[in-house]
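Labels A, B, C and D are assigned to the chains in the order they are written; within every chain, residues are numbered from 1.
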């Protein structure tokens, strides 16, 4: 499956653990960078400032291969499912030079009203923009 | 299901995001603390220093309720499955005062030989200690 | 000089770098913990929520000895100078068991009005509480 | 004073605190990135892998202005003093678009033998490369 959004990651010294590998937890910061960039570029820079915001409810990550300090890493992001109130991102971390897959991540986000925390349908403009960007049927 | 290992967490100012909530990513550091403490106390302090070490291959997390800076949080940890080469931890973050469940995490770890990265059966002493601690049948 | 406030630190796996030492940067999170705890216990839990808040303008740190994962570390905190608008904290990280000094930190904080960012005199109640806690002359 | 090394920083969501500002502690990660890049490009990619390595003994930071999530930030780095066993880096964080100075940092590093931790003179090749890069007199 093609990912339509790619972001090169700036790895920090503090991401590396005592085995010389990028710490598993650092990946979550990388996926966050990819997610934020995707959302801001596809849904608009104010996507996290409105009355209805997407929040993460589930993250499921497979760790496939270790990364070393100095390796160039990119995060690829796609939205692969648009439900009524929720949607699913598929992300992966790859070596920028070889394309080797290092880590895969599925994230389920739900749209909630900020004032009372209740889940609400994905706003129609979001739905349209995501469908257009991903080349999906607009459900 | 009762969790047999509990660890109070020291929340850091840098764990809190611009919405005043503990950042989702900070939970992974909390689960790590619980996991390390569990492993060292049940399997011995040198569990990560030998030729065969457990490594994380999958993490699956449900975010249930937000945490605020100043809340007291504990992580509870149990090993709920012992396979041949892999095992599964069930962890959750709860409010220390009320017991409210904030976040759940399932982690699959595989035993690997450090020198060549190959997966190997869980060492028998590990298996015995975990079974005894968890009150499991020793498969 | 005696420090009147001590806080044991929960060291995280992600604080440790590829040399097996606690990363220099992790100390700043430890000092933050000590500072926050000191401020909340001496000046009140709402010290950072009012119209006038203390902000950091300078940090000066000496790194004296490495810390290893598994070492027990505490942060000691004292306010050693009360100026008109600014004050100075002296902190150090020590091994909890031996008292060995690992790191020293001086932090200058200034009281500012949150709405316009202007520096203002230290509020009199703060001054009184700090002087009392530290056994200082109330300037 | 001109800085001869500039690195754009990729700001992470987890760098931002509950006031919407980049957390003071995040700057230390930014300075680390600048320092590592400088050292690797001027002294060679293996500068931290030899028998003699530079270690940080003092950091002195002035926080001048807040940074917000979404601002583009760069770190500028220069070595401004070459002693016998120690040297001093001058770094600053600036807004990439306006050049506004946000934060200044002086770091003193000492060359130490890795096996016994003793300080030793700066290796002559390092001294030569730094002097050439910075256009200094080679002391």
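By definition in this document, a residue touches a chain if its C-beta (ideal position, glycine included) is under 8 Å from a C-beta of that chain, and two chains touch if they have at least 3 such contacts.
The structure displayed is predicted, hence computed values, not measured ones.
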{"item": "Label of the chain whose CA centroid is most distant from the centroid of subunit A", "value": "C"}
{"item": "Copies subunit C and subunit D touch via same or different residues, half shared test", "value": "same"}
{"item": "Between subunit D and subunit C, distance of the C-alpha-averaged centres to the nearest whole Å", "value": "24"}
{"item": "Distance from subunit C to subunit A - Cα centre to Cα centre, in angstrom", "value": "36"}
{"item": "Centroid spacing, where centroids are CA-atom means, of subunit B and subunit C in whole angstrom", "value": "31"}
{"item": "Two or more partner chains touched - positions in subunit D", "value": "13-14, 25, 29, 32"}
{"item": "Residues of subunit B that touch subunit C when the two form their complex", "value": "9-10, 12-14, 29, 32-33, 36, 45, 70"}
{"item": "Footprint of subunit D on subunit B - complex, ascending", "value": "13-14, 16-20, 23, 25-26, 69"}
{"item": "Subunit A - residues contacting subunit B, complex", "value": "24-25, 28-29, 32, 55-63"}
